[in-house]
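Below, chain A partners chain B and then partners chain C, in two separate complexes.
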Partner chain A sequence: MRSFLTTLFLGASLLSVPYAFSETAEEKGLAIAMEADRRGDGFIDYTADMEMILKNRHGNESKRSIRIKTLEVPGDGDKSLSIFDTPKDVKGTAFLTFSHKVGDDDQWLYLPALKRVKRINSRNKSGSFMGSEFAYEDIASQEVEKYNYKHLREEQYQGQNCFVGESYPVDQQNSGYTKRLTWTDKKEYRVLKVEYYDRKQSLLKTLTTEDYQQYLGKYWRPGMMHMVNHQTGKSTTLLWKNYQFRTGLSDNDFNSTSLKRAR
Partner chain B sequence: MKRIENWVGRLVVKYRWLFILGLLTVALLSASGMRFLTFSNNSRMFFSKENPQLQALEALEQTYTKVENVLFIIAPKSGNVFERQTLAALEFLTEESWKIPFSSRVNSLSNYQHTRALADDLIVEDLIRNGNALTDKEISDIKTVALTEPLLLNIMIAGDGSVTAVNINIIKPEDNSYGTEKVSAAAVQLKKTMEDRYPFLDIYLTGGVMIDSAFAEAPARDMRALIPLMFALLLGLLVISLHSVLATTCTLLVIILSAVTGLGLAGWLGIAITPASANAPIIILTLAVADSIHILVTMFHQMRQGVTQHKAIQESLRINFQPVFVTSITTAIGFLTMNFSDAPPFRDLGNIVAMGVISAFIYSVFFMPALTAVLPLKTKQKYQNRNHLFSKLGEVVIAWRSPILWSMLILIFFTTAGISKIQLNDEFIKYFDHSYDFRVASDFSAEHLAGLEIIDWALESGEEGGINNPEYLQKADAFAQWFRSQPEVRHVYAFTDIMKRLNQNMHGDDPAWYRLPEQRNLAAQYLLLYEMNLPFGLDLNNRINLDKSATRMTVSTPNIGTAGVLDLERRGRKWLEENAPSMTTYGSGLSIIFSHISERNIRSMLKGSVLALFLISLILIIVLRDLKLGLLSLLPNLAPAFMAFGVWGIFVGQVGLAVSVLIAMTLGIVVDDTVHFLTKYQRGRREHGMNSEDAVRYAFNTVGSAIWITTIALAGGFTVLSFSGFQINAHMGAMTALTISLALLLDFFFLPALLLKMDK
Partner chain C sequence: MGLEMDGDISGEGRLFLQDAAFTNQEDASASVAANLELYHDFDDSLSLTLAAFYRLDASDSERSHGDLREAKLLYLTDNWQLTVGLDRVFWGATEFVHLVDIINQTDQVEALDGEEKLGQPMVHLVIPKEWGTVEGFVMPWFRERTFPGEKGRFRSPLPVDTDHTLYESSSEEHHLDLALRYSTSLANSDIGLYYFNGTARDPVLLFSLDHAGAPILFPYYEQIGQSGLDLQLVAGEWLFKGEALYRIGQSRSFAATTFGFEYTLPGLGNSMMDLGMIGEYVYDDRDNGWLPTIYDNDLMAGLRLSVNDIDDSTILVGAIRDLEYSSTIIAIEASRRLGDNIRLNLDASFFLNISDQDPAYSLARDDFFRLEIIWYF
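Let's look at the complex of A and B:
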């Protein structure tokens, strides 16, 4: 009995340590997001191949393959170029985004059949990306400033100690969500799971990530991202391959001319 | 049989307390199952899993997500939707609708994703933003778009701009968290909020969810309204026929016990209550009362002749045990054959009533006599008069047998001919009368907008991305145009309209380019661009399948009825066969499966009806121990249902699902009168050595009055059912009451005349 009480007191005193600095849940949530962001900083650029596998409740499948190029922009959001290889009807279509820490992202789509670049209304960032269960806002560069945070608790998830926290989109009007619940592992600050809650506060989707690999001894990237829509029973899997860092990309690879060149 | 009948009477009187208490316990135990009763609230409950049309619909839903909907209809009192305050209200309602539980998509004029060209860019945005701050010019632009855009006109906005709609798609999750009432309650609440905030609007609420909720509401509503009526009717009848408060109380007790036993057993068996099976108690009450009346009438008859009460009970059971047993069995068989129905609610109804009828037999024969044995029953001398009436009737029939027989045959022939005028019609919305709010809303929607009756077409291209193929687009568009040229079609939702619009937008909004793109990759890329621009919940996944190999086209056809829906679907399919053979498919949707429901159930019940006829005739032959009489009785047993169909055809015309179970159901009931009449007739012939004329007199004298009373009770009970706000029940009640009345007519005139002719 005594040992139990001792444990309890010890535990309580240990637990109280983080709060000794009178850090609020909001501050802690923000701190975790900033630390995760900090650890991702400095990759300069990377390229990767992505295969997108769409599934409906029936088990029918459809695939798309996309190449991704990303350039880090110090002081602002990343620049990213997605080139669609299949389906063949949209082969050569290229999607360019400049994400911003504050305000709407800039987005353009190059349509090879039309040989034109078209601007996209990025207010509608909550819509489905290529018919998948991912919205643009799920795969866009996750800038810290785009959400408000609240740390909830720590718990084990898949054998790893995780921070569990909520985040709320700053741009409430144009987001499809009211809330995200994120599991971030304490050791490497990788996002392992995200639950998305819709406007009526019910669970809409769950994202799980797997096969994390570390690049340049620092940057973790998932090999697989799996999104399930609980309401429709549909799901989308992203398989990432051929990550290459510091490939020498520059701003010139991310403008309207480069869009047309991209193949 | 004879021995059992004597034995039962003695036993019941001797061990009366044991029977009273024992059977009360049995009744209470069974009735305690009522707490397990659940209400089924899904319009699809009328279809078995094997139903091919349901399977086709479910396959379509697997591809495009199965959705239910809630539909708000907004009618400004001013008659003009295009006013600042109304547009602002619409915007508010659209926003709030996203908060309805299980909503997955909200469509309205306000969040319609209007596309336009701006310089070289494609702008995709809500048609209405900040409704309160719109300028007159902006409002008139919105009006122009709304009244010309094929995706909006006649479905989201009435052609005269007086009515608009907000549609909310609801996805039922796979787990059990879904509840129709959660959604409908939220919708009703939102409607109220809207009415409070915007008193200048008339708001109607309908949609699949509201229909489902009406399906759940209907049983309780019927029970509340009809059961008291039923009791009033039965009470009146019993007091008149029995002249005894105690006997009336006993009878009421028996029929209540029968009804709760039937329902309780249903609960134990896990049968869900549906609008159709909810009327089992009313039917049980109706059927159960006949058993008691037969037993009590005989008992009182004996007592009036000076027999002691206990002796009278024994004698009554001796005389009535067999006919009551036989009529209960035949009635139960009739209802049990409803298990052949393709519609599960009818199977449930049949089973619950069959259980109730058998319980009624047990309680009437074992419980009620035991109960009367311990009660000081008294009776008045009053019966002579009425028996006199039936004696006279017998004399009339005997005297005029030939003209009566012929005129009856002619009557049977002519009424039956009316069957050709019967039209099968199952518009599920019209299953509910105007006392249901959603029915009023649906009618209003069908009048001004597209209504709820739709035919869905899954148009396959046969290859991944094939929907961008110009050839496919042309054919799909021609199909949509063909439907638009059909007079009964109100609206066609076609994906090809989006394509045309995009093509125009990509050419600087030049109306000359409002046509389908001519290159496959161009179409695909327009579509990609458009999809990238769509916000949350407004994607095209409900219109286009995963690999873009097929699109869904929706044709709205309000108020064309079953025959119209089937005909339109057939013509549509024919068009595809002739013009786009590779896309040929069946139209689908709730209207379609309901359109097939009556035919399919009539076919499935045909076997059941034949089986019922066979078994019941067999029982009659065994009971009467006379093949000829048994076969003769077929005609007066079977003819009433056909005559009822005919009368219905002549005077009403349209009938739905109820028609399918009528023969099997009524056969077991109408046969009762024949059984009573024939057994007495035969007793006259066999026990008293009478000729057929005297035997007919004897039958009229002994059972004429009892047949009259029980038939009145039965016809009355089913007439009560015809007041149901649920059309299937109302039709079933009315047709059954009609059948029973016609059966009485045949039993009093046709059957004796036939016996006098054939049984010499």
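Let's look at the complex of A and C:
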């Protein structure tokens, strides 16, 4: 009898190990990131207009308008093209990025005054994107494979039940961060807030997102992203407009030929 | 999108630090310039671009000039695109010397670095494929290089007289120039290969006497065949760049190459500033007696500081040293935006220890500061 009970008990606990009871914090963190990624899959392509408002600590403002085209690449990171409309002295400047799940992204810059396409080094992920508080790694395609994860807790943030978890860049040497702390809403898996910690482990920046809208009944995109740098007092706001999905973009819209005619 | 209009108006002042080497050359210059660009797309596949430029220079009449930089129709399909009209095309990879860039003529009076180009009439077909991009160019009309006039700086001892231009081809400027290019992007590199057949963009300068018996220097444009290669390669934090060409038709056949690296230090001193370090070398085996070049055997080094501030401030310092004659050219370019629509450029160049054997000798007394204010509308 005793031996039977023991066997049953052991058997039950063995069965449960890989599942719900003792899922580690790392496994849960990864599972949340993968679910968020899965929900974003299948958009095929989208275009959007972005206004970037840079503010220094004295409150002086400078605006940039940028158009974005993105193509989903099954099995790898997205392809994207960003075209500057203002400031006018950089009008027509364009970035072409092929992001990858593993390894460095491929990136090219088009300079319209010289009609020149330059390969750029994407290893430096911590560099500022066009003088903003967004680093290249913040605006790059957020592939699950680029981070390791750890789920911490669940808590209310702005009236929504959220997962709170940490993520650590896989490429520690070239990232500007040691970790990110992310608030993801449990219902729709939207990122509502991110805290970025620098190489000295101190809080560097906070990103908050607002005005989420759903497209094609599935894909959520924020209308506003606000990044504050706590160490410099500077901030950058991104206002997103005119999201259009499945516009019929193809690989031919994301090569050096299309980069040179981007406008 | 309908009709779009953009443009800019700029004012430029140049101050030369030494007395001129040749008679009548200016000690300072002032000029104003304007660019106007019109763009209209008729539908998703057909668009028209017009880009006009004009400069008015207070002293050098040859520098007062205008050009249609672009006047083209672009027709686009899913599988190819065709450009008909005046356009500008850049080929190359390196930062200091642009060896393989050949489609457009240099607008030499505009800038010493030769990066300003004249619009080239062309029919240009582009076929992008999975395995690379094939481009064909047919160029029915040749553009002559611009040269500073008698009052201008950066000129030869005798000003170049473009009223006495000679061509090797009996069709003169109507020779049909052709080019074919293949380029591709691999995981970590971009490669371009081309062949050009037609009128050399760089003329031989020949000495003669005009009808009145006065000495003149005139341009002579020969027929050449040129194969070219350009390469950009990423390896971790490093960017490697290279160009090479082989040309026949101007005295003896020759090869030339330039190559180097760019390395960027991000977040300088824990700031947002990036510091790029550039090192390049150029070797050119041309017949220097027939077709002289400043860049025959030179080492180049540069530092590019990107401040990454709201005003996009940058400072570039570069040095070019001739390994044979030890001549050195130092160039500084600083640039920032003022507000939303104005850009301020401050440049300076210094010519140090220029040997009288060096083709750069005629520039030896042309050290200058240049201030430019551009207003974009």
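Rule of thumb we're sticking to: the second predicted complex is superposed on the first by the 242 of 263 C-alpha atoms of A that agree within 3 Å, B and C clash if a C-alpha of one lies under 4 Å from a C-alpha of the other, contacts with A are read in each partner's own complex, and residues count from 1 in each chain.
Assume a contact is a pair of C-beta atoms (placed from the backbone, for glycine too) under 8 Å apart; a residue touches a chain by one contact, two chains touch by 3 or more.
Please read all numbers here as calculations on a predicted model, not as lab measurements.
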item	value
Fit-or-clash call for chain B and chain C when the two complexes are aligned on chain A	clash
Partner chain(s) touched by A:Asn60 [first = chain B, second = chain C, both, neither]	both
Contacts of A:Thr247 with chain B and chain C, given as first, second, both or neither	neither
Touched partner set for A:Ser202, first chain B, second chain C, both or neither	first
Which partner reaches more residues of chain A (counting touched residues only), chain B or chain C	B
Touching partner for A:Thr24 - first (chain B), second (chain C), both, neither	neither
Contacts of A:Lys115 with chain B and chain C, given as first, second, both or neither	second
Touching partner for A:Asp106 - first (chain B), second (chain C), both, neither	second
First (chain B), second (chain C), both or neither touched by A:Asn161	neither
Which superposed partner A:Ser256 touches (first chain B, second chain C, both, neither)	second
Stretch of chain C penetrating chain B in the combined three-chain arrangement, among 22-30, 40-48, 94-102 or 202-210	94-102
Footprint overlap on chain A, comparing chain B with chain C	54, 56, 60, 62, 87-91, 114, 116, 118-121, 123-124, 126-128, 130-131, 176
Of all residues in chain A, those that touch chain B in their complex	54-58, 60-62, 84, 87-91, 93, 95, 107, 109, 111-114, 116, 118-121, 123-124, 126-131, 135-136, 174-176, 198-200, 202, 230-234
Of chain C, residues touching chain A in the complex	6, 8, 39, 74, 76, 78-79, 81, 88-90, 92, 115, 126, 128, 133, 183, 185, 187-190, 232-234, 236-239, 262, 264, 266-267, 272, 274, 308-312, 337, 340-341, 343, 374, 376-377
Contact set on chain A toward chain C in their complex	54, 56, 60, 62-63, 86-91, 104, 106, 108, 114-124, 126-128, 130-131, 176, 250, 252, 255-257, 261, 263
Touch list for chain B against partner chain A, complex	62-63, 65, 98-104, 120-125, 171, 173-174, 464-465, 468, 506, 519-526, 528-529, 531-541, 544-548
